[in-house]
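The same chain A turns up in both complexes below, where it pairs with chain B and then with chain C.
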Partner chain A sequence: MLREGQVRIPAGCAISGIFHRDGTREDGTRIMQSIKVMHDRSNGLGGGFAGYGIYPEYKDYYALHVFFDTQEARVACEAFLDRHFDIVNLSKIPTRRHPRIVDEPMIWRYFVRPLHVKLEASQLDEREYVARCVIRVNDQIDGAYIFSSGKNMGVFKAVGYPEDVGAFYRLEEYKAYCWTCHGRYPTNTPGWWGGAHPFALLDTTVVHNGEISSYDANRRAIEMFGYKCNLQTDTEVITYIVDYLGRKLGMTHEEIAHVIAAPFWQTIERMDEEQKKYYTYLRNAFSSLLITGPFSIMVGFDGGLMALNDRLKLRSLVVGEQGDTVYLASEESAIRTIAPDLDRLYAPRGGEPVIVTLNERSAQ
Partner chain B sequence: MNIREFFPLYEVARDPARCVKCKLCVRECANEVHAFNEKLGVLTADDSKCVNCQRCVAVCPTRALKIVRTDNTYKVNANWTGDAMREVYQQAQTGGVLLASMGNPQPGPIYWDKLLLNASQVTNPPIDPLREPMETRVFLGKKPGSILRGPDGKLIPNQTPQLALRKPILFSAMSYGSISYNAHAALARAAQELGIYYNTGEGGLHEDFYAYGDNTIVQVASGRFGVHTDYLSTGAAIEIKMGQGAKPGIGGHLPGIKVGPDISKTRMIPEGTDAISPAPHHDIYSIEDLRQLVFSLKEATGYRKPIIVKVAAVHNVAAIASGIARSGADIIAIDGWRGGTGAAPARIRDNVGIPIELALAAVDTRLREEGIRDEVSLIVGGSIRSSADLVKAIALGADAVYIGTAALLAMGCHLCRSCQQGKCNWGIATQRPDLVARLDPDEAARRLINLVTAWDHELQEIMGGMGINAVEALRGNRLMLRGLGLTEAELRVLGVKHAGE
Partner chain C sequence: MHKTIEMQAAGMDYKALNDSLRAQGASEITVRGVMGQRYLGCAMQDKNLTLYGTPGNGLGQYLSGGTIEVFGSAQEATGDTMNAGEIVVHGRCGDAAGYGMRGGRILIRDDVGYRAGIHMKAYENHEPVLVIGAGAGSFLGEYLAGGLIVVLGIGLDGKYPAGFFCGTGMHGGKIILRCDRKPEGLPEQVCVHACTEVDRAEMRPHVEAYCEKFGGDPETLLGAQYFVLSPNPEKGYHRMYTSVI
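Right after this comes the complex of A and B.
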């Protein structure tokens, strides 16, 4: 049977997220509790979390979380990292034994900074340099997979139910101002840890529920810009699109949402001239990156979080607010279980992005 | 040899029990097949003149007529087929190049028919176009690949001139000359009504049709017939015709018999002369020359029009397309092996070039590998026969399709493949005023509108089934295709998996 990455695997899912606008950091207990409520939306074939603000002591270093299938892969990968980065700390990621989390690969963490000379020679900006290194390891070193590569954030994922994955990674020991979480329901058995969500590149992480019908159009478009869709998952291609439009072209998250979940022409035609011009431009100029088919996604980034539904809202997504804290989930129950008293609860419309950011960048 | 070497291929079968001797067939047949023998009081037919255009069959009020394939047979030979023998006799007699028209009729792989489409089941929902928006609008032209902001931080649209199509279909180039005034009028009106474009071909633009400029693509071909400043600035886009699927490597042919006063004026050539375009553009012997023509035309029109470069699908079409994409052109049109024509040497039409399906797949793949797919849009034609072909073309990577033969069929053409004779009984591929008058441009326009609208409906239904509600998400979405009964090499070139994979 083909492994994930060799074959395209559609998946349905559950997602949940917590964001503290005031920068308050909370441990992983509540996010695990929230996703657990939606147990039946996953099938035990993948779960994962992203936490932002978890490594304040290493906040200026890229935190690389890596799966290794073999010692050879680790040796090859570390040799590569040594050639390209200054590694200030490396260790196994602490885990606890868990009866339902089995067959784990070696899971390592490296805090790194690009080698100054290499970076200069590459004539790339620092983030592009890191992104290219990550893509190269994942594409070329067999058995090594960097699944998290941002600063002061990290992804934790595995094959299993998400609440078990959280326990396995001891998430109660990490504190984040933003948590996102994903429980996966793939339609066959990949049995590969890299295929779980969140999917990440640099500080952008994506959790996603849905199956996009535009996949191959999007994939073939984004691969023109140096990305390699090795996993053949929707989430991977969405992450790259967000990275490309945001980091490489300089679009805001709102503009990105208007590209990937653009309004219908019939809606655009009712707008005033300026808006019509703006939306028509985005739909025309970036038409290959329009995403169709059902999705609800949460895109985590440094200092913020965006939630977005497809244009027809073919997947559920609700948002709850209480003071400076914002809760997002596939189902209301997943919010109520950790925050029964909310100031506001609503379901964003299809294609309408919900973007939350830290009140003050320094607050974290 | 004075014996009759050709037994007519088709015979006129007249049912005397039904025939009322109204003689309409006699009046309608420009080939003079039918005659009335006054003495005997019977209708006769000279089968040897019949091109099987079906006009008499269609107009006969009592359905007394049909045209049947002759059962006269040469001694059966799988190698020396009847057609092969007949063509030798013909050339032995005339010493000439065999002339033909419309697309290649020979059997051969039609890849469209070996590609199957996908639909959503369970994991993602099909979308119902009767109840939800289903978008088939497209823009053609270069994509900017960057953004630009004003001082206020707002995005400033930074794309170059584009063509906006309400449906991903254009009428392909058919010159005034090869087809009639009324046919052009119908195409122009239909294009305007549909929010799409028609194409002048290389015959210039009749002054009556300048009014349709916003829906007109004006062509600049190697003969430069009818090209002048007003012509260029009237069109919505300019197409440089480098080649045509029906006759790659040679220029256009318009037999002198079709060059009447109006054609003469529009093309700016003397009446009655054959209009034989040069094989190359004599100012384009290489890709860097093409770039100069592209920019000459842009200069001439103030950078307000997208430039299309049309090429025939030939063996190294992918590399050629890559060169064109870097030449400043905004759109590449590729015309396949089965593309139609008003006149072409039969040997070239049937043997030169490659199927459009393979050419399109190769070009789209190559442009993506080089990261320049967004530099250009792709239009393909030759031949797109139905909305299924259209969907498959878009999924392989086309932005839109050109339809020529299908448009002619909609206007009444019955594919008798005799356009070069100028005696089209349907009033399409002729300049004889009495025949042209048979084509009602309003009626023909209505039928064109019906055809494109019907295809658009079918496109929407098929997209909806796939769970796709905007045509741009179908473009290049090759996972929506599977091959059936194709070899590894064919699948590799097409970039699709086999059914069941």
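Right after this comes the complex of A and C.
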């Protein structure tokens, strides 16, 4: 047996993303190539992808991707979905056998829309209705986990190296205007299918490299608003914070970034009066949603993508641009391998969000 | 011994590539198609590596002699704890370049990320030098204990070329920044003075080396306005970390 010091496993999670501002859709081949270059940052205990624009034929329906541990869980979950939604299509998510992807749960996909009568009776906004249903299934039906619930987008994740996970889910058969990807090296929590990234609620997805020192403070704060943090990993709390600040409070992604990666008080002290007022307000009003500890994240949403580092920039992140295409990754090599000639390459500063959106949306 | 060899690294695992580099008898090695492989030239003593592509993290860690020249960018922790030799990067460099560097020289053509040159130290005849062509991220030279960091601010029109918390806790060494106005809001451990002839003479050989590698006129660069950051003797950090009792 090798002793401490004789074996070294270099790791630290990897993230990568591709975004086409002009709405061009590409299949999953290049995002898999990109993440593969950073193979050594993961340890095979989690990999996953989010693709936006992949279900144009069902774009008005919520696409629910679900893991079931048992047939009983599937029966219970389908009964729940039947009571709350009109299910227009259901099927197993197509996968291929892969020697390094094993012990898979049942993986199903449902295209649904809320039952009109139920929705009316609930007096909720449609998205809130769907979000509450997803949280309820994940919290109360043992062995069922809805890991993707947005429109015209989907999350694909598993225990394994990300390039193997992509092959397992046949991502070369999906076309997206935005791909994000994660290779996992879990440090504090178990590696399991539900614990792989991205974490998603409605169209918000998060991939994360780092660890959240403020996790318990953040969890206590966000659970007061109806979210349940029960997936045994810190990243899910970021998804709920982004959903809460964005969907419920109507904040822009830039404002959200300034809450979760707020500048230091001593940095705020040196700003001009107007900026000082703005940042002081955000820090005071949302102090328990400040995320401390090292992180680089990518937040996908309908029509856009935000990348963000912790304010000390304790994790790496680079951005490359070529025409209307934007590439983001933990390492420059992961970008250069699929886009050797870039118009521009830069590293964003800590706490400074990079937000890209579809041209047609930003024109609106 | 002055044999030259050329290799192709595309698709190679970092261990295989490093093993292969170490096994080479040649002293001049060119590697093409480098893509993210880590630890290249780690603890190397006597070879000259020329790399094309994007080498991975930890390039030239513990480098103890020889040279590494990269045609492309370098990533994180380049020249971490290096002792001697030279690393030349024809591009930009990620975070923590020259971390804990104890000797030798790193020349970076463009930007450098956060925490460049933190914990650099000098002793006996070891004097590490880090030259950055464009700008640097925050925490440049944090806890600097010795050595020289020069930021040339090329393309920045005389603006302050570093980020927040530059030189926090420094207790030795020197940081020279090209900018038109005296930097403000620096940590209290830092003293600032306009560049003197002595400072200019100290940076001259390194600016000349920079121009020799990447082009540009050393006299024009040296003629610009610079400010020098040195440890504040009033703040006692030097007593805390470096005095011998």
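By definition in this document, the second predicted complex is superposed on the first by the 344 of 364 C-alpha atoms of A that agree within 3 Å, B and C clash if a C-alpha of one lies under 4 Å from a C-alpha of the other, contacts with A are read in each partner's own complex, and residues count from 1 in each chain.
The rule is short, and it goes like this: a contact is a pair of C-beta atoms (placed from the backbone, for glycine too) under 8 Å apart; a residue touches a chain by one contact, two chains touch by 3 or more.
Quick caveat, the model's predicted, so the values are computed rather than measured.
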Room on chain A for both chain B and chain C (clash or fit): fit
Contacts of A:E120 with chain B and chain C, given as first, second, both or neither: neither
Which partner reaches more residues of chain A (counting touched residues only), chain B or chain C: B
Angle at the Cα centre of chain A, taken between the Cα centres of chain B and chain C once the superposition is applied, in steps of 10 degrees: 80
Chain B versus chain C as contact partner of A:E223, first or second or both or neither: first
Touched partner set for A:M38, first chain B, second chain C, both or neither: second
Chain B versus chain C as contact partner of A:E360, first or second or both or neither: neither
Touched partner set for A:L345, first chain B, second chain C, both or neither: second
Contacts of A:D139 with chain B and chain C, given as first, second, both or neither: neither
Lowest C-alpha to C-alpha distance for chain C against chain B (Å): 5
Intersection of the chain A residues that touch chain B with those that touch chain C: 10, 312
Chain A-facing residues of chain C, complex: 14, 35-36, 38, 53-57, 72-73, 75-76, 92, 94-95, 111, 113-114, 137-139, 163-164, 185
Contacting residues of chain B [partner chain A, same complex]: 120, 123-125, 127, 132-133, 135, 137-139, 143-144, 146-147, 154-155, 157-159, 162, 368, 371-374, 466-470, 472-480
Complex interface listing, chain A residues touching chain B: 8, 10-12, 187, 210-218, 220-221, 223-225, 249-251, 255, 262, 264-266, 277-278, 281-288, 290-294, 311-312, 314
Touching residues on chain A, where the partner in the complex is chain C: 10, 37-38, 40, 267, 270, 312-313, 316, 318, 331-334, 336-337, 345-347, 349-350
